[in-house]
Amino acid sequence: MAMVDPLPVIFPNGTGRQEDNQLDSSFSIVALRKLPHLTDYVQNLQTFTNPLEYNPFYHEPARFYISPSDVILRQIVYDLASGFPVATPHLTYHRAGPRKLIFYDPFHVRAAIVTCGGLCPGLNTVIRELVVGLWELYGVRRIFGIKAGYRGFYSTEPVPLDPKAVNNWHKRGGTILETTRGGFDLVKIVDAIESRRFNQVYIIGGDGTMRGAVKIFEEIRRRKLNVAVTGLPKTVDNDIGIIDRSFGFHTAVETAQQAISAAHVEAESAVNGIGLVKLMGRSTGHIALHATLSSRDVDCCLIPENDFYLEGEGAGQDLIPRSDAEKEEKDESGNPVLLDVGGWLKSEVKRWWARDHPRELLTVKYIDPTYMIRAVPPNATDNLYCTLLAHSAIHGVMAGYTGFVSGPINGNYAYIPLLDVAQTRNVVNTRDHKWAWVRSVTNQPDFLK
Amino acid sequence: MAMVDPLPVIFPNGTGRQEDNQLDSSFSIVALRKLPHLTDYVQNLQTFTNPLEYNPFYHEPARFYISPSDVILRQIVYDLASGFPVATPHLTYHRAGPRKLIFYDPFHVRAAIVTCGGLCPGLNTVIRELVVGLWELYGVRRIFGIKAGYRGFYSTEPVPLDPKAVNNWHKRGGTILETTRGGFDLVKIVDAIESRRFNQVYIIGGDGTMRGAVKIFEEIRRRKLNVAVTGLPKTVDNDIGIIDRSFGFHTAVETAQQAISAAHVEAESAVNGIGLVKLMGRSTGHIALHATLSSRDVDCCLIPENDFYLEGEGAGQDLIPRSDAEKEEKDESGNPVLLDVGGWLKSEVKRWWARDHPRELLTVKYIDPTYMIRAVPPNATDNLYCTLLAHSAIHGVMAGYTGFVSGPINGNYAYIPLLDVAQTRNVVNTRDHKWAWVRSVTNQPDFLK
Amino acid sequence: MAMVDPLPVIFPNGTGRQEDNQLDSSFSIVALRKLPHLTDYVQNLQTFTNPLEYNPFYHEPARFYISPSDVILRQIVYDLASGFPVATPHLTYHRAGPRKLIFYDPFHVRAAIVTCGGLCPGLNTVIRELVVGLWELYGVRRIFGIKAGYRGFYSTEPVPLDPKAVNNWHKRGGTILETTRGGFDLVKIVDAIESRRFNQVYIIGGDGTMRGAVKIFEEIRRRKLNVAVTGLPKTVDNDIGIIDRSFGFHTAVETAQQAISAAHVEAESAVNGIGLVKLMGRSTGHIALHATLSSRDVDCCLIPENDFYLEGEGAGQDLIPRSDAEKEEKDESGNPVLLDVGGWLKSEVKRWWARDHPRELLTVKYIDPTYMIRAVPPNATDNLYCTLLAHSAIHGVMAGYTGFVSGPINGNYAYIPLLDVAQTRNVVNTRDHKWAWVRSVTNQPDFLK
Amino acid sequence: MAMVDPLPVIFPNGTGRQEDNQLDSSFSIVALRKLPHLTDYVQNLQTFTNPLEYNPFYHEPARFYISPSDVILRQIVYDLASGFPVATPHLTYHRAGPRKLIFYDPFHVRAAIVTCGGLCPGLNTVIRELVVGLWELYGVRRIFGIKAGYRGFYSTEPVPLDPKAVNNWHKRGGTILETTRGGFDLVKIVDAIESRRFNQVYIIGGDGTMRGAVKIFEEIRRRKLNVAVTGLPKTVDNDIGIIDRSFGFHTAVETAQQAISAAHVEAESAVNGIGLVKLMGRSTGHIALHATLSSRDVDCCLIPENDFYLEGEGAGQDLIPRSDAEKEEKDESGNPVLLDVGGWLKSEVKRWWARDHPRELLTVKYIDPTYMIRAVPPNATDNLYCTLLAHSAIHGVMAGYTGFVSGPINGNYAYIPLLDVAQTRNVVNTRDHKWAWVRSVTNQPDFLK
């Protein structure tokens, strides 16, 4: 567990808030990951009763409230032979959900929602549920969409959103708010937040976006603005740390089956046929691994976490020959552009075959389904995930938390400091059972020298 | 947590096996749910090295082995205000996975696989993965399918299965082994197991089937047969306790969206239109609840866990008027036949409308998609689940465990005593947040007097 | 060909219009089905140049115009042994498409669109394409949707429609205009058309609706109103005569495959399993026949055109026992309610089995997918059909034709008198090859005594 | 109609067969396209009664038989202003279907089935229906699949096929017989046909394959072999002449919607977004045109039939700059490899934008769904088409016709000389209404200078 908090704060965490102090200090064996809170730097914040109190659908709201003492254990798998923690505390996170006391008068909330980075199934559902949840659960009436990603804060006019406007968005792929990469200008963004008088900022994006969100949160704290910032981690690649998985991932694995099936058919219909599918994931192979285990039509699965060698020569991004022009290329976020490993692999396979089997047929069909995967609407599992994620974020913000992320930990929605999430990455663990199963299922060699 | 073990056994659990005794007894704060083991009643069992040891795909098998000290915590959500357990131990379960020492010579294994009860997406995948896993991971060559459910043990000839025979089964709905309800005759079944010389029995079925599996296990133990029995819980309704969810459930929720969408279209296309969908679940509303949260097109969601009243009169199975003939009707398993609450509700709604709005149109379209849901092939998520489930079961059986069930607990595959699973049921908790969210999302009243 | 025009008018048809008179009368071997035209009863109608003339997308519009001399042959299959017509003329229909001269100033058009009867995939596409076509091809700006079917003319306020309003409608099932059955009040409807000053009426509906449209057309002609009426035949059942097929039919056959597959899986997964699917079609079996030929999983296909007998007793609507209450029941259009032949068949099969195989299992799963079929969005084939259908209707109306229907004849879009279509029905011809193929493919007996 | 027979043979066609001579010669206004027949060059052929005569499913077979006098009109659309044919005869084709007398003893039939060229949805259905039809309609028991395309005749062992072997093939994409391009060696192929004693050869392939089939037919005729050869035209691109459309085309248009939807979502979710989809069709734009009209999400549709110019420079295959290596490249059939016009267009668009809008964002997402389209199973419409196509071919071959193709003409299945089909191509007519509609629907300019 290399990604955990280096300095777990022993509970009670001393935020000075009344609820926290009600907790008995004898539970010294539990460490609770502290969340930033508006009260950390804003004076004299007023509290309000959660309007759920008067909501007929929550006729016994008391039983639904989550208190700061509701926690979720981080580690749940142990090898008792290596000891069960007694001296060191169990790391826990705050459980997500509505709090009895909130730090916003819904009447004065001005919420901004922005989507950044690439497309991911479920983006529109998250936006929709933020709007519907703020409107219906808390009675917030001023909710705005920021168009075009981070640069939209300072270059476009916010779009007012209400439940009617976002009706049916959850059935559409992409993001109706539009998204871009890059455009992160910290001062301009926070200035815009201030001048637009937004006091809740919901940022939906991937790891780069989360790092930007940390900076926005820190700048807001530095300016002592009464503005909560929350991140809703979005990556179809599932490479965000700490949380169980990110939204859109299940849909991506499902949709990838179409490409795998097509490649399988192409391979089986040819005399010496190979079907090659490139699945996205930037530098992690989660989609490839899960799609392989789900399909069983795959004979070989290569992932970035595992170097592979072709005829004694190593492969991978670093090893694909690049022209000088390609060496210079960067995307809008300033990252080096990844080369098309699929196209390269296809030509390598053909070259090898032509050399060793000069008189035999070979058919290699290469499929890159990236945009046909990431642009689809979310499936039911992801739609539900996005709903719970958005509602969790809203409850956390209304409770005054800031600089945090919502997400499932061991199946339960929790609040996690933005910084923790921005600093960790989730890659495929090639030492665990799933990867061994992939190799066993595919019967592939290890491609190591 | 009413369903937990009444007598948690403090670890070390004293099975007499060497690995268990290696554990330090100082971890008194953890209770490990004991699993039945062949060594409990069979003398002088020989152990063998797991053939994964020589499998090139597991070239460092040591790192993949799971030992009896690998455990999973049962409870992971706490309200610290109510105390974190110090005096009472944490309940844990054995983690699923391959063991270094196994209690079967693969060459002598004769495995039987049977499916019982109703259809569920993923049945064929589970069968296929049991066959492929036994064959490829352990080198087992004598694997048999029992046709027609429990009665097939004593009334049909077992069908030899191998990877070629089960190829592509994971893409088909239903069960190619065929299934029936009822037919449970304990003596005949165990006699057949004995006479066919099966020493591994994999039973795939729902709660009734699991109760039967307990009896088979107990009878086998009574006869001191060297036969391991494992249950693979199958219920599209997700009403099996302890485990996170059952296979096929995600597929069912996904497929239910079609019916909901159709009902929504029918309702919106009529002047006063109502679309009524009956989703299965016998006496639990998991599918209805998840399908509602995933769809957002639902205005009202009724589940068996929540009584409802129409115009002051209570409703539910007990309250639908039955003819005398209907009162007598039983299904093959001897359970009373559930009445068609959807048809009844449709007529009630029409009756009420005709009385109160005699001159206005009303259109009620009623959809019962049950067989169109349960007969589909599993989606990618469930296909993966079924693969991991089958492999977990195989590893457990090879390790000599018996009378157990495999399944995910808090996201990790664990082994659970069959008896525990057979005795618990998972119903919708109408006091938790998801149900409140359903009500909030649908804006439905509470239908209580 | 019992449905053809009893009095084919020999061309030239003497409408008095200039274009018609340009035709040489020597082609006496061709009979052209005359269409009603506004000039038949309205005096001094002005003509205008088709605005396509100035449309950059039709930069050589001359080549796109269809003239009244463009015709489509009705009969194209002949047995030469029975003679090829020499003395009797070939029946032809006017080909659909834009005319060079139109009888409306687009600026003065007020178009009304209404949908009546049951749902059918493609309804929204037809509406959308009528709006988009009128707007973009002809520059019409006053287009109105009539809500709730025929009764909407006199009981609701028309809804203004424009391309933005109908954007994306073609991807949604049902009809956003809402539909009802019944509500046909001739005088009220024509009064409303007059008072609303509609001069183009597009009526989308089934055979009952088309009979209503004939009456509206005749009443309008009686009042000598300058109003064109056109019917767009809608029936998922494909039971409308003369035209090749109706929209939504391909989608219905496609969607029915899901139900058939589910029934097939249920049957194959049981010991003695029967899967029973009821496909809609009121009194014609087109969907059942096509779905059977498309699926190949069907062992027996029953259609209303073919009586069948169970154990010596005849079956069919007339033969299902009805209670007295059922005998009285009528739907909103006044037609007798059809009984659920599927439910009845299921119970008959069970009764027969219980008598003849008292000790053997039987599983009958009955699926009625009606609303899950008719409420889906149209597939690509039907979407294209709907587009061409709507554009054909617009061109015909702008050309001054009235009391007509558009539809494909032998693959080409034609104009057909409303009366002809309203008077004919298309049933499955059990004497042709398709039905023999069904029987051959399914290996079913003829079910006749 | 440039593709029609240059020498239409006035009926009776003088084949010397008895049925033909029964026809009255007075129908001089009809020309019937003569089909090659085994009796043209094989002496003393015996005839047999069609076994359908004894088939209980065709209990009145007389009414199902098709005679040589059953014909289908080729031209059905006329502009009467240009004259209706009186002096020149109407071209007609033989109608497909079972004949009363057949020229094969089913017991002596040895049928070979081969698939050549690229994949197309429905290939497996055609194979399956040929097998099932020969087996069940005619009682043929020796049916063989030739693997690997034309080269399989002389390089692989034929695979015996029966209904059990091909069960469920219609639900799978690709071709289970495997296919290759090239490998056409006339002498080896006909030698193999002779030595294997095949007397019926069913060749499924595209235009190149059909040209090969003509040569095989001619060589067989030269050798006076009693072997019938029939072509089943396969091209997902719909570029085969005379017939209405080819199988797989509807499925391709349907599946293309996914790519278009994804491109649409990508475009709408970006600030200045363009989604670019390349649809297959080699040198015809049928799929692109139909997919555009079906989708309505397309803003611009380019097809090979219509040259286009980018900024004054012409584009198209001839105009894409090629490297010297690319100029040499040929595919297995010896055709020049087509360049990736999509990739080139993407870079051109980016270049133009960078020059003219240097400071504005642009996102171009390019999708090439080719293999995800052509490898899918056929939809219901195509499945039905393939069934009727295969049965038509069987009936024609059993009736002694050879060197012919089956396919729908104006919606009815007909027999057409192989030579005619091999010599014609079906391209998009940019002068007809559909293309104008595409331009009107997309609002695209004409891209001409």
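For clarity, chains are labelled A, B, C and D in written order, and residue numbers in each chain start from 1.
Note that in this section contacts are C-beta pairs under 8 Å (C-beta built on N, C-alpha and C of every residue); 3 or more make two chains touch, one makes a residue touch a chain.
Which chain is which protein? Per UniProt: A, B, C, D = Phosphofructokinase domain-containing protein.
Bear in mind the structure is a predicted one, so any value in this text is a computation, not a measurement.
Shared contact partners of chain B and chain C are absent; no chain touches both. Centres computed as Cα averages put chain A at a distance of 49 Å from chain C. Taking the mean of the C-alpha atoms as each chain's centre, chain A and chain B sit 30 Å apart. Chain contacts: chain B has no residue touching two or more partner chains. The chain pairs satisfying the stated touch condition come to A-B, A-D, B-C, C-D. By the touch criterion given at the top, residues 11, 22-24, 27, 29-30, 32, 55-59, 63-64, 67, 69-73, 76-81, 83-84, 86, 90, 92, 95, 97, 132, 136-137, 170, 244, 250, 253-254, 256-257, 290-291, 293-296, 379-381, 383-384, 387-388, 391, 410-412, 431-434, 436-437, 439-441, 443-446 of chain A touch chain B in their complex. Within the complex formed with chain A, the residues of chain D that make contact are 119, 123, 147-148, 172-176, 178-180, 258-259, 261-263, 265-266, 268-271, 273, 275, 332, 361, 363, 365-369, 371-372, 375-376.
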